[in-house]
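Shown next, in structure tokens, is the structure this report addresses.
Naming follows writing order (A, B, C, D and E), and every chain is counted from residue 1.
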């Protein structure tokens, strides 16, 4: 599997002038042992994100986006889950090889994650102020009082009303969106080099969402952070992302700079996704949806995992796994930063 | 054990440490179990004392003389002795003490020892506040009138309840005196009783008789649930100078300490026996009762269960009562006799399969031998023995119930060395003390053995002045109750063992009450 | 919340009422006369028995006896015991102090050993350490406290005289009995801790805590512990109450003059005033402890609503 | 609702119906099947199961396994140390220890299991109701529990014996009556956190009745502590029986039972240690068995643990 | 002991665990009859009147003092008609989920009524309540915590059938569960898995499948598709629409994704800080919003097509979001409203058709709680 060609794009300079991406995931495989068999949740994911850059990860629900993120953070449920193959390079070091104590030091100040499910991700028995302040107390040795002041400040930043009076409330006393914002605040607390945001704004209304995304963007600019944004909201993606990776069945099936993807998807799955977005003129009609069921990760279909659902599937799709390869213009010029794992990517691209 | 030479060779001083359980009282007014009595007797000296082998030893009494009818006793008291607070010990102080015990307000558990003194009833029921039968003729003469003839009354006076008390004693419920009695004994207390912790005695240097050698005696109060184990461990770790041992540990302890001369033993005035409910089937006939006695192999139980450290009994009265003791008076006790047992069972209508309740009180270490006896009764007579263990109070209630049948384990130790002290309470009709209303046996004769002939023999014996003749009557009575009628089934005698720190002290012996002879112990 | 506490304390009165009524009835149905005999096998003089019955009002009908008890209790008077005839409060007071000393030491040992062992067992589930702890905890239950106590006593009092046989009032004399007393509950605490912790260890918020880069010890002792400790706290509350009720066997072995022995003896002697005194105390202890535990729930887990 | 099948067909404009799900292609893995599988995959749980099974086998076949009559006394052969004819020695009445231990398993099993079972039945019922309903129900039930906590076991046991007579049943009842409050408080404490969970709300929204909510949703998620307690206390009950015997309110002393044997061995500490070591080991193995089984079950019931 | 159990404080009303309340048999039967009666399409099936929910706000850990109340829902009224979809949108934390829970009787309302087919269901219990719950279903916002971690997916989705056995015969249930899984785009082979083995979106679909199982009359969906990728989302939305057509279902659809709401809803309500700010048909709200908050909301919608985003005006709301514990006087939006005047601070605008649009036949003539309601063109979604 060759990937170098697509991930090789101009890295932006980080403060200290560090070369290369903040994070690079190479050929990551994650599997879960279950009673029915081994669930191959991630099957060779490659992506990278540089400082100041936003990578949006889109994809089928259940395609392994969160699992990849968890693998990066080192919080997979293991057993039953384990990284069976691959490397995760963070600022050049393969963190899978680091001892746990080293890895711990990265979490928080260097990399942070916003969890998908905010309620279960917040400890129910500690006040949100405590959980936020903990970041400062543990990592910066701040006093209780200062940490609390910081927590309030953070809560205000993510637009939680009456932050001062609610800092001592417990997670269950907040609405879904507020919890999500608290998770966001927690991730932002130490201004890490990399934030993995797993569907950070699903529970937010659009105004707050806009504010929060603006905040993320500001911070990103200010501190030159790398951001991995896992989301289903193509609107948000369009707003903030620099490049997009589309996942399907544990694999990246397409990768592209933001504008290009919307215009010309090079994978039938991406096409299907874009077509599924509700549009005004469709009111009263059925929405388009990709037919069929998502693959069972216990026994992924042979060949291209998407083949049973692909309207353009050919025989080769059922036998051969398509690699993520660069996409070219009709004239053969390679499109920078673009790749697709489809045997017929060119046909798809050029319609 | 123990040599005969008195404390002459020993030196004075030293602290003697031993363990007791929390006594009910240490004031003679209510001191009742051996733990209370050991302290009361150290603090008070009465007219007489009893030697380990049941002999009367004069203390403050210079003489004690009965009248010819045995109803009046006159005691001459040694002059010039004092209580530790300086009050004189005179006849008056005895009258005071005895009256204090018997007064209604004291509700003393031990006042019954004085029940035969004239005027007891009135005093005890509160009708009078004087003890009519007692007169302090002069400072050194005490006259005691009895309501019935009793030529052995003098032996009773060795009990601590007959102690003199000073004026400060006040009434029986005087708390200050109860906790720190002021006596005339070889020892005194300089600090009150630390309940559940300790009692400390110091030598009374003004003692009017032979002074004690020990400077101090420390009685640590141990809990009754584990007392003997704690004493034993305390001895092993050098914290006690005198200790009991749990029965199962005896053999090992003996093997270790006997060679070092730290082991003493003694036969005591007590008996372990089976109470047999005489008035209810199946034991309402002597034959059935004899069958039981014959069926028991005392020898085997003593060997197997008690590791040979008890002695089978063949009489009801203890051997220490030399003048009345008759070994083998209970013929059925001498040896297990299966054939006889069956024969008597047949005669007595005790068929195999008969249900026999066998009661005992739990948690007191009786479980083992009781099972052994039960097994023998099953094996020999085919009885269906139902072991019925109960906590003490419930056990007692069952025994008192008129309807109860079967067997009951019981034990008795003497208060003073008289045959009467065994036979009247345990075998006489008055000893039953049946409450007419409820039919409850309120006395100690809960087996309800009752034979008018036996009762008469006791009364006669008590009123017999001549020692030999009296002894003969008691012997006759015992034979009637224990052999002919088999009113009770003697099992084994009371034998006691102690560890003593003979490396440091000499003359540690057990007295009549199985307590250390504090007044005689001296440093080596 | 203030009202909640007051209400619960009010319930204490009801519980006290309930417990003592039941107790009175039980004592009443027990065969045997509480003042009918002496310590040994000897029966008491019927005249004395009658005197005592009168003195303690034992001839009154049960409701009258109960009424008198309540009247006296209201004045803080628990009456006089039947053997030594001393005020029950005076007899029990030093015993309560002794028992409390022992109970507090024991509960501290419980907490330290129990929580640590449970933590280790849960963290390293099915490892050598877990199995070892399981083995040790089962031994703590399999070998009864008299065995453990007597072995300890033999070893550390008789053979190696490190500790006094009889309490000398120092901390030293507390250690062995407290340990003997604690070991069973510590084992149970460990098992409870292990059971509940396993549940919590996999929770999402634990992942969050790890992802925050918290040190392992913070993750465990703060995030995991707090969420798994409620049953443990419950049990500790019960255990502490039970400890305060005294422990017969340990007290017997180490000659600890505490409530447990006093109660058993009192029951055997039907020394009712002592029994009633101990039980009344026990009721107060349990109601208070369970109240504290319930209040602790609200502190430990804010989702719990008290009402 | 079979029309749902059809509806799939129209889920997308350009779609052909995927084959309607083939008739129950997936074997239903029953919850118990799943649990059994996970349980059996756990080595220690299996060891525990073996121990428990052994215990039951011993109890059932005690007469076949015992070399001697457990009741037969031999006063000429008392307190023989282990070895020879009596593999584990004899007791103070010359009875064969091994036989008594083997036979003892019968009552130990009955006492241990039945008392815990009874305590759990009462305790779980009371704890669940108190925890779930809260308020008045909780107050009343927990205050009743408080009475039981404070009430002396010994008096209760004596009263029970007076009512029922001595035997195994009153012992079981005494032990159960005084341990259910612990079970109920443990359960209640866990329920207090669980009852506010969203899935409980969800079940209520479905119209589930109280019974169902408690049994299906609350109990499975709050029973861990009770299970740990129960498994552990199977042994605890046997030892507690020893203290009852010790106080004279347990089973009759001639009955071969481990607690009884321990009570009888107490005074032989230090001189005849084999008298208490073997019964204790028997209890330890039993507890170990139940604890392992309990842990295994706990784990098997927790889908998150593997 | 009764008097000991009086409530501590008036506000803290523990949810209706107290289903033991006795309702006399006659009124129960009457209620049951009303609940089972059919309602014509377009008739109101659910009428919400003045619904209020205050959560106590406490301070201190042990000795909690109540220092106020979060007015999560503060007087909300609306109707839901048979066969329609009512979308509810609004700021995060404005009380949408609370309204949903109140409708499901999962929280006890501080005050207000909910009439289902004319019966006030807030007073129901027992059989009648069960019947109501058979007819009204809910999809929870938090997909994970609302799934019992110890039940397999099969059991979770099958549970409604066990509770209401009349809906499906026993032998059928397993198959139905698999159909449901299939319908929401989950692999039926996952039937034996546990919730934690699923991804966020998959969990959400489990919740949807459960909500659909009983074929209820009303489904209250609290952000049912937020974690789904657009394609699955489309499938689910299609399915919902189809079911609605076939069975006359009514939906309350709470979501943040305005385009989805527009797509599926017949009418849309906009909530702000515990109150309904504006309510009307989808066209009225999306194309002719008259409430400033609605306008701001619409203007903030991110548009997927990067090209279409250029030249769009976004109304940026200034000012802090007020706290529901201490809402502003008068109009609650005034603190962030660019049109606010003195009147807004003193007078609370009612939810009604604004005076100026009363007589005009324009889409702007719909209920809006603003003193200065006026149309403002914002980009349509």
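Here is the rule we go by: contacts are C-beta pairs under 8 Å (C-beta built on N, C-alpha and C of every residue); 3 or more make two chains touch, one makes a residue touch a chain.
This structure is a prediction, so every number in the text was calculated from the model and none was measured.
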| item | value |
| --- | --- |
| Centroid comparison with chain E (C-alpha atoms), farthest chain | B |
| Chain pair, D-E or A-D, that carries the greater number of C-beta contacts | D-E |
| Centroid comparison with chain C (C-alpha atoms), farthest chain | A |
| Distance between chain centroids, defined by C-alpha means - chain C, chain D (Å) | 23 |
| Rounded Å distance, chain B centre to chain C centre (Cα mean) | 39 |
| Whole-Å gap between the CA centroids of chain B and chain D | 50 |
| Averaged-CA centre spacing for the pair chain C and chain A, given as whole angstrom | 55 |
| Sites on chain A at which at least two other chains make contact | 35, 77, 117, 119-120, 172, 286, 288-290, 293 |
| For chain C, residues contacting two or more additional chains | 11, 14, 30-31, 150, 154, 202, 204, 248, 264, 267, 301, 303, 305, 307 |
| Residues of chain D whose C-beta touches two or more other chains | 10-12, 18, 29, 34, 134-135, 139, 143, 158, 162, 196, 198, 246-247, 270, 302, 304 |
| Contacting residues of chain D [partner chain C, same complex] | 42-44, 134-135, 138-139, 142-144, 146-147, 149-152, 154-156, 158-159, 162, 181-182, 185-186, 188-190, 192-193, 196, 224-225, 227-229, 231-233, 235-236, 239, 242-243, 246-247, 262, 266, 269-270, 276, 280-281, 283-288, 291-292, 295, 298-299, 302, 304-305 |
| Partner chain D, residues of chain B touching it in the complex | 229, 246-249, 251-252, 297, 300-301, 303-305, 307, 361-363, 365, 367-368, 370-372, 374-375, 387-391, 394 |
| Interface residues, chain D side, partner chain A - complex | 10-16, 18, 29, 34, 37-38, 196, 198, 304, 306 |
| In the complex with chain D, residue positions of chain C that touch it | 11, 14-15, 18-19, 22-23, 26-27, 29-31, 126, 131, 134-135, 137-139, 141-144, 146-147, 150-151, 154, 184, 187-188, 191-192, 194-196, 198-199, 202, 230-231, 233-235, 237-238, 241-242, 245, 248-249, 263-264, 267, 275, 278-279, 282-283, 285-287, 290, 293, 297, 301, 303-305, 307 |
| List of chain E residues in touch with chain D within their complex | 1-2, 4-5, 14-15, 17-20, 101, 104, 106, 129-134, 137-138, 140, 142, 145-152, 154-155, 159-160, 162-164, 167-168, 174-176, 178-180, 182-183, 188-189, 191-192, 194, 196, 207, 210, 212-215, 234-235, 238-239, 242-243, 246 |
